[in-house]
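So that we are looking at the same thing, I have put the structure below in structure tokens.
Every chain is named by a letter (A, B, C, D and E) in the order it is written, and numbering of its residues begins at 1.
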Amino acid sequence: MEKRAIRPFSGDTVTLVLMIALAAMWILPTIWVISLSLRPNMDLMRSTAGLLPIPFTLQNYIDIVSVSMTPRWLLNSAIVAIGTTVITLIVASLAGYAFARIAFPFKRTLFVFILCGLMIPEQTIIIPLHAMITDWGMHNTHAALIAPRVAMPVGVFLMTQFFRAIPLELEEAARLDNASRLTVFRRIMLPLSIPALTTLGIYTFLQAWNDFFWPLVSATNSNMYTVTVGLSSLQGNFAQTEGLGFIMASAVFASLPVVIVYVIFQKYIVRGIAMTTGK
Amino acid sequence: AEELTFLRFFGGCSDQYANVTDMDQAVGECGVIQVLTNKFNAENDQDITINTQNVEWGVYYDLLSTQIASGQQPAIAVMHRSVLPNFVARDLIEPLDDIFVEAGIDTSDFLPAALESVSYDGQIWGLPWDIHALLYHVNGAIMEEAGLTDAEGNYILPTSTEELFEHARIVQERTGKRYLSIGSRNDAMTARVFNLLMWQQGSGIFNEDLSGVQIDSEEGRVALEFMKRLYDEGVALPIHDGSEATQAFINGEAAVFVSGTWQVDTMAAHSASESSPLANYQVFDFPQVVGDTRATWSDSHMWVLPAKERSPEEMAATVAFLSFLNDNSGQWARTGHLPVRQSVLESEAFAALPYRTSYAETTGIAQAVPMVQNQRPIQDIIRDGLSAVWLGDTAVDAALSDVQSQVERNFRRVR
Amino acid sequence: MASVRLRAVAKNYGAVRAIHEVNLDVEHREFVVLVGPSGCGKSTLLRMIAGLETISGGEITLDDQVINDVPAGGRGVAMVFQNYALYPHMTAAQNMAFGLENIGMAREEINRRIAHAASTLKIEELLQRRPKAMSGGQRQRIAIGRAIVRDPKVFLFDEPLSNLDAALRVQMRIEIAKLHQRLDATMIYVTHDQVEAMTLADKIVVLSAGRIEQVGTPLELYHTPRNTFVAGFIGSPKMNIIDGKVAAITPEGVDVETPSGRLAIAAEPAGLAIGDSVRVGIRPEHMGVGKPGDGLAVVVEVVERLGDETMVYGTIGDGTSVVVKLDGTARVRTGETIPISVAATDGHLFTMDGEALRRTPAALEGLFDV
Amino acid sequence: MVRLRDGLSALAFLAPFLVFYLLFLVYPFGLGIWISFHDWELVGSFREWIGLWNYEDMFADPQFWRAVRNTLTFAAMTVPVMVGLALLLALGLNRQTRIHGALRAIFFTSNVLSVTVVTLIWIMVLSPDRGLIAQLFRSLGLEPIAFLASTTWAMPAIVATTVWWGIGFPMILFLAGLQQIPGELYEAARLDNASPWRRFTRITLPALRRTFVLVAILQVIGQLQIFGQVLIMTGGGPSQSTRSLVQTIYETGFADWQLGYASAMSLFLFVVMFVASMAQLYIARQED
Amino acid sequence: MASVRLRAVAKNYGAVRAIHEVNLDVEHREFVVLVGPSGCGKSTLLRMIAGLETISGGEITLDDQVINDVPAGGRGVAMVFQNYALYPHMTAAQNMAFGLENIGMAREEINRRIAHAASTLKIEELLQRRPKAMSGGQRQRIAIGRAIVRDPKVFLFDEPLSNLDAALRVQMRIEIAKLHQRLDATMIYVTHDQVEAMTLADKIVVLSAGRIEQVGTPLELYHTPRNTFVAGFIGSPKMNIIDGKVAAITPEGVDVETPSGRLAIAAEPAGLAIGDSVRVGIRPEHMGVGKPGDGLAVVVEVVERLGDETMVYGTIGDGTSVVVKLDGTARVRTGETIPISVAATDGHLFTMDGEALRRTPAALEGLFDV
């Protein structure tokens, strides 16, 4: 809308040029890394200068797909991230619905109890969590990587807020239409909360995909590594010398899924953030 | 069919050596152990498969610990003698005496030092694999250019602190190169060299009966002052981490590289290449630089069996692989490490390896950290605490007392 | 048959009593409109009948069956919400089908009913659209359609037209009136728009603060409001209320001395004595410009010309504001004082606490004959 | 009757989440407190009740305090840069054109990369002999700085990495905040003769106050948990100058095996973060 | 002195032309109201005058100075926005002071002006409150106050009352009327509520799709709409438009044969021939029940009784809907056919493309004398 033009600062070309310059700086490292990943390792041992992939090779990517563990790690990451996302969406929307729409004893208390969980940082519980999963003999399983993330109450909070914003009349209309709670949830609330579910889903997916500390200590078998942990295991001295292009290609390769998810869904991310911070 | 997980560091090169079983093609630590593994997988007649899990060595013990903690012990793992006490004290690895007997592994063929390094509390806990020690790697071309050669063309090595700095000055003046390349930042080399310097003065970081720490001592001060001077006078670069130091030496930026036996093979390979700035590579016993006791730092690698339930078949497979490794431990010596078996040491093959004569004395002067618990955190404390002197601007005395008190704190938690 | 009876029905929200023991009879096929100021409990009452709100006291019967504990879906009532409450992710047809599917009705029967409702409401071409793709009036019709297909005994409407613009409101109002004529159903309708109430209702219920003030036909409420609250609430612009004192009691009614002149009111003087304080009520549309010196002297402040009508806003002696509705060609100017005459039979009289005095037979003659 | 039915259905809806929540968050949290009163080792079965000894040890431990100091320094350097830069970006990019959208996407995209990739990129960028910045320095005839090897530069380098990585999210938060300011306010201000600067200080900034608090809290909480960047980029070095609290927790627990002690430290972290966010909320409340 | 003149003013949004070369004169102290359907360009025109929107063509002058390029703040105009646009974090007093501070006015003068505006608007006790803590009407007053303190030459209002409820709207409307009488300022007011337009305006400008349809006093528009658009837009309920054919041309006007009977209209037959198709326009309030067989035969569909008025909705022969406004006691029932009579002088006549034919002097007599 044209009206935006009068907001301070955003209008003039000087600002725009500045922003473009800043953005160029921002994206430069990424471009360079992509370019490194497209150059032969031998060549990189001599020099890493230049922003263009000359000489050009796809060998690093071919190596990733054919010989390295990276595809396996990608699969693990995908299982964990998608599993976390799906389960989170299910349990968070169920719980959010109960908090938003059902009157039951001690609701407020329980809600506050769950909100308190927002205050507990992941890092605080990793040690006991590790001890606990050890006692259960569950390390090096996808379940152990998924479950603790599902327990995070952010999703419940978000879904509760969202369901509360859906007009009560819709549910009342459904009650007059003889719908049971489950029918209301399934046929009215869930379809209506697709934007919120999308947002929560993307957020959960990105978080799970990029998780580092927990998989670092729980997934100790290289077959169970996620991409994040796997890449960091490659990153030793090796990175600096012989396999630079290969390492960079792994990084690019491992980032592709998240970047694609982001690019496809970016408008939901922004909308979701606006939604959750509005008012 | 048994599948065994084989947890080790030494680098990952399974892709590079995929399906290679010819030992002659193996280069470096990674190559040798990988090809050995391939060979065993290919040739054993009991349908045993060894699945290698390679871990970068900086995080190796974190990973081994968490694997053990989570009940995911590998079948066989590599271990340093320095960390052995921690694992033994908690019953985390299996004693091997009976197994060796059963498998027919002859402990009497082990060199005494090697046997000592796997023994603790009167039992044997590992299959000795090597003894590795610090050496003096030399870029002959630079030495020659600087004129540090005697009449026969042998390189002149320092025999005292003052000589060392004199040589450094000469190299700097005549070639514009640095004298030393040494891992100085975030690198265990710092602690190794410090230990080495303590031993050369006839001391050590612990007292005789291992009841106390003596880092903040006269010997400690001499050692640290010496190291500080290296950096102050530009003899070595303080910001180099291990790989940067290696790279610098390969690139011909320094005359001498302070590193271990494990680099011999690699450096030789680099030197062999026509255009390499690392020309006329030679390697020597670590010279006497402080004090008057001949000593160099050493540690050893061994193979251990993490404690866990093993079926008889699994045990048999594990032992079969152990035996195979023992039979082939001569191959490992090719990397530059000192062999652990008398028979290897005396073999023709070993004698034929290059350079071995020039650091023949190392076996005799090698010292290792005492068999006490928590060596790893303690050495880390030394590494970080001392490097503050050249990386930050901590004074020598402050660094020593800081490290001393931290090590004492850690020592308290030992049980 | 569908008659709804409320017996001492009450509703508490925690400590707040939203509805105070209300009694109300709604007969079969009757169109009952609940009106009252915001917050008076109209929606609450309606929602208790629908079963969306629990009943704190009393009894609601539908065809003589107590339905207090019958769940909302099982009462045979349908409701049309203020903001339609259409399921936004379903097409019009799906919206209508939803309730029928929930009770397991056969697909053909559902389709038959939807087709029938759609033709009744002339919304055939909307059936495959989502609410988003419809105008306000169209949504309104779908919402009604969703109620119709369920073939309910009682229709409940909660301010169904308040989200529409003025023109559409008129049109939809007429459609609802036609619908009521066509369908064999009882309707209970909540609004705060008194034009809607007047035009749609067989019977209007005026609520105030959770109590019923008066129940009656639109004309009863217009002509014989029981108190100043109802008098003020029904009619637009609202009735002018002027304080005065009884000056004389005559055979025709009561003469009242107001701060700006004397008025004769055709009301029964029951219990009044000369000198008592009373309130006179006169609707703006019953005022006219009289002879100078006659009736009320009104100082004109604002004149609004609406074409065929002229609204005059002014004040009388004690500062009370009055509104006068004159015809389009009335000659009035801001600032002047005009004499306002009122026929005695058009006036209302109230006690100081707002109770109406009965109007004389002469005043009421002919008013209810239409 | 109704309440009972509602209670049961609520339970049915809540149960799946509650199982996860109790099992994987509440129980571990309690267990963490329990562990912190023990000498509890990662491996083996050694678990001895030692009361508050871990806490006493912690408060007397210079390593621990160094880590706390580093962590606080890091947060103190990162948060203001992050908040300030995010606000500037949001102001500069608050227009709905294609180009602005693309620029926003650029700043946000680095946010979705994982810490390993980000650090990989920046280790390379910062590398003194082969890095991007080194190339720049050389082309300007300067000697490249070994950022990660310098006690002076390592922390700022990690800050830069973190800002590069994390700027997108606060930027979007500010953008969301900006877009909630009605355009009419600016029109009214224009009619009121307000200069762009006054429009910014008197309309935009006050309207963004809530967003400000939100961003600041999120940033403080997030940055106090710094771990991956340090672990991978410097390992806490050079000579401990970047060792962070979470890294210390990790190393104490998983390298030194002292889970009890590590638990005590992580509870300390929890308290710090709790206090920090409460303090900020309190300040925000005060201004209302 | 503050007169605003628009000369061929146009506005393009990209390829879309929102305003087509509009010419308009607003005299000093005049109250001009812009009306028209949604999207017709009312706000755009107003915002161009305010300086919030660039001008794509033509010229705007204020007191004969071209102000096309004068920035918004410097034009001496003040604007009251639909949603008030009060600065939410400032108190009422700060809101009012902001604009004055920006031009560096002395503190005492600012305070004096605020105090004065506050007393004019009776908002003294609100001065220290934030907008959040005020009702809609109070916010509206503060917004006006913010305009007043700047002592502008021209006040611009963009639908200032549309967010208020009906009762408050009436009250604020009257306040704005009083304000206009008190202040020495020109006012330009946008609304889509035609009652507001009729009651407030000295001059109404009817816009449609970016063009001016007609400019005139409220009564001119009501009595002599230039075309069916204006005729339909001004007056409520809107004028009935009935298609017919010229049956006879008489000295008094034109006789038109409609599908339901013949009507005489006092309009000039300029250019008409017998048999031509025409449109007859009759306002509901000008219809009455006539003798059987007389005038229009209307089939009654819905009857709404509003107390003193009765609205009858019906159809005529060709299905055209008509609305008839009768008095409160009219006897009409649903389903019956009633004869509707119209005085010839009350009728309007339009060509098939909607242009009005001039009404005869007899028809206009006395209409503008008020």
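As a convention for this text, a residue touches a chain if its C-beta (ideal position, glycine included) is under 8 Å from a C-beta of that chain, and two chains touch if they have at least 3 such contacts.
Treat the numbers as computed from the prediction; the structure is a model and nothing was measured.
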item: Steps needed, at fewest, to go from chain A to chain D via touching chains; value: 1
item: Interface ranked first by C-beta contact pairs; value: A-D
item: Centroid distance [mean C-alpha coordinates] between chain C and chain A, Å; value: 55
item: Interchain centroid distance [CA atoms averaged], chain A/chain B, Å; value: 41
item: Whole-Å separation of chain centres (CA-atom averages), chain C against chain D; value: 59
item: Where chain A touches two or more other chains, by residue; value: 6, 130, 217, 235, 240
item: Chain B residues counted as touching two or more neighbouring chains; value: 58, 66, 69, 244, 247
item: Set of chain C residues in contact with two or more other chains; value: none
item: Contact footprint of chain D on chain E as seen in their complex; value: 47, 50-52, 71-74, 77-79, 81, 83, 85-89, 98-99, 102-103, 146, 150
item: Interface residues, chain A side, partner chain C - complex; value: 167, 169-170, 172-180, 183, 187-188, 191-192
item: Of chain B, residues touching chain D in the complex; value: 58, 61-62, 65-66, 68-69, 86, 90-92, 185-186, 238-241, 244, 247, 374, 376-377, 384-385, 387-388, 391-392, 394, 402, 405-406, 409-410, 413, 415
item: Chain D - residues contacting chain E, complex; value: 182, 184-185, 187-195, 198, 202-203, 206-207, 209
item: Complex interface listing, chain B residues touching chain A; value: 5, 11-12, 15, 18, 53-59, 63, 66-67, 69-72, 242-244, 246-247
